[in-house]
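Chain lettering (A, B and C) follows the sequence in which the chains are written, and residue indices restart at 1 in each chain.
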């Protein structure tokens, strides 16, 4: 007997799913903000000439790039309060985990963009008598930013997808909202398919837009 | 002959070591106002390193550089010079440089490339900087390319923009490191013509080049660098036509026998 | 400073190590599926025939633009409803992670093939080699060696993704860590040690990858 699709489980509970989507968006934006902030600091540390700054930054980056984010979520949510008495809400724990984990990746995006600018650009600026600060701001950063754009967007997408791990902490985001709806309606196929399609639509559309913007940026400079 | 022109730039006993390799082994050089010095030498002889030491893009391991009679940096008491970043920035505003690879700023339009340093470093107003840039671009024959992007220009045009960019700072000395070496042969002429035009205005220049014919007619003095030392120097007629040193002679032969 | 009880965790360390074995198995199975099936999808994407190229593109976009946890949950809870067969959790995890890997590996393969100059094809054909022979003897070796950093990178991402299978109760390392920490009330110690185990396994791969990359560009 063929399965009969029935999306009423979704249509009747769309407010729950919508508020879940809101949770996903808030967590994503907050996570990106924290990740960029810490990531920029880490990148500056790694690029500095001082070993005491470079080493801790490198260790941090390597650790968080090479361990699963789910472990970080649990560490912040269950580990911290038990040992240190710092209790984080599910949002706080998810934000800490996301921000810190993605900071490692953002740091590498920023650093990669900056070191990718050819040495000749530094030299040309110096030869014109530009100060380091001005040279960095006017010559290096604009070129680096352009090269960072694609990996930066990619990292943001990864982060958005990673927010679903907060469902494991029972934080109310899209996936957790879906789980709630499923336990009430016993319609996993329809509900989870809709959730997948929502992610697909949003992320695919966003990636198309960013690709288009990038192509336009290149065309504008005659390349 | 009138009284000699004042000394603009001088290098005394310059040495430069990278790791364990001695690239410059004691170079002395005095550049007077209006001189045009061609630096010759085979690949790896230290020509680029010498130029880069002269504007302190590389800090010499030993020896001193003086601009307008004032020694740059101060002795650190151990026989070397200490340099202050700010001071070096000031020096570099007065010693221009043109690179083999042009190094235009790809994210700025042609005129913005030329305006950037007069505006940001010399603190000129936008109108002033723009006037300077337009004048320099016209001088290299690229006035109509002002709003183009560097990537839209040919190599020869890019290098002429780079020359205009350096001249917009009105430097006392202009250093050119093989300005035509990465150009297609048919584009070399336009760049050399732009450089030649500068000699008419009496610009002081040091140029590293393999264009011996150009060096012969353009330079007031030729310097042959070998193995980190000045092996021979003198007027072009002497160094290029009647070199004293065997090595210089062989070098010149190698570069002339290609021409027919 | 609180009293940390790492001793409790290390007393049952062998339990975690055995669980890490399951993680490794899941990882190896899913990566093999992804790498192999990735070739099929890669050729689909390169095909001039739209009936092949469009579904291949759709497949890749679906798996790259949805979270891996959603994929796992879909294959474990939703798919059985559709096909009427309940899969074991491990099987669902291999399927989901494997197909996820397929999408990413397909793009790596495709870029690898594109990076080999067209002249290599022509040179091979000009010597009278057949298409398959050119592919296996000339193109593939060059593409694969060029793509090793991308493969190792994917292997690292995949290794981290295996932990997500704990959510559909595959008894791998993360699942056992959650179980252990709640039974013994030592979450901080457990998750710290488990993070350490993951790191010790995954980091060398990253390190090897960046060494290879550095050697290549040097």
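The rule we apply is simple: a contact is a pair of C-beta atoms (placed from the backbone, for glycine too) under 8 Å apart; a residue touches a chain by one contact, two chains touch by 3 or more.
Remember, it's a predicted structure, so these values are computed and weren't measured experimentally.
Trainee: Is the way these chains touch best called a line, a ring, a star, complete, or other?
Mentor: Contact pattern: an open line, chains touching in sequence.
Trainee: Which chain has its C-alpha centroid farthest away from the centroid of chain B?
Mentor: Looking at centroid distances, C is the chain farthest away.
Trainee: Looking only at C-beta pairs in contact, point me to the busier pair out of A-C and A-B.
Mentor: By number of C-beta pairs in contact, A-C is the larger.
Trainee: Need the CA-centroid distance for the pair chain B / chain C, whole Å please.
Mentor: A distance of 54 Å separates the two centres.
Trainee: With chain centres taken as the means of their Cα atoms, state the distance from chain A to chain C in Å.
Mentor: 20
Trainee: Whole-Å distance, chain A centre to chain B centre, using C-alpha means?
Mentor: Once rounded, the distance between the two centres reads 47 Å.
Trainee: Indicate the residues of chain C shared as contacts by at least two other chains.
Mentor: Residue numbers touching two or more other chains: none in chain C.
Trainee: Can you list the residues of chain B that touch 2 or more other chains?
Mentor: Within chain B, no residue contacts more than one other chain.
Trainee: Quick one: in the complex, what on chain C touches chain A?
Mentor: Against chain A, the touching part of chain C is residues 2, 4, 61-62, 65-71, 73-74, 77-79, 81-82, 84, 156, 159-164, 166-167, 174, 177-178, 181-182, 185-192, 194-195, 198-199, 202-203, 206.
Trainee: If you look only at chain A, which of its residues touch chain B in the complex?
Mentor: The touching residues are 118, 120-121, 123-124, 126-132, 134, 138-139, 142-143, 146, 220-223.
Trainee: Going by the contact rule set out above, which residues of chain A touch chain C in the complex?
Mentor: Within the complex, chain A contacts chain C at residues 3, 62-63, 65-72, 74-75, 78-80, 82-85, 157, 160-165, 167-168, 175, 179, 182, 188-189, 192-193, 195-196, 199-200, 203-204, 207.
Trainee: Spell out the part of chain B that touches chain A in their complex, as residue ranges.
Mentor: Residues of chain B touching chain A: 55, 57, 85-86, 89-97, 99, 101, 103-107, 116-117, 120-121, 148-152, 162, 165-166, 169.
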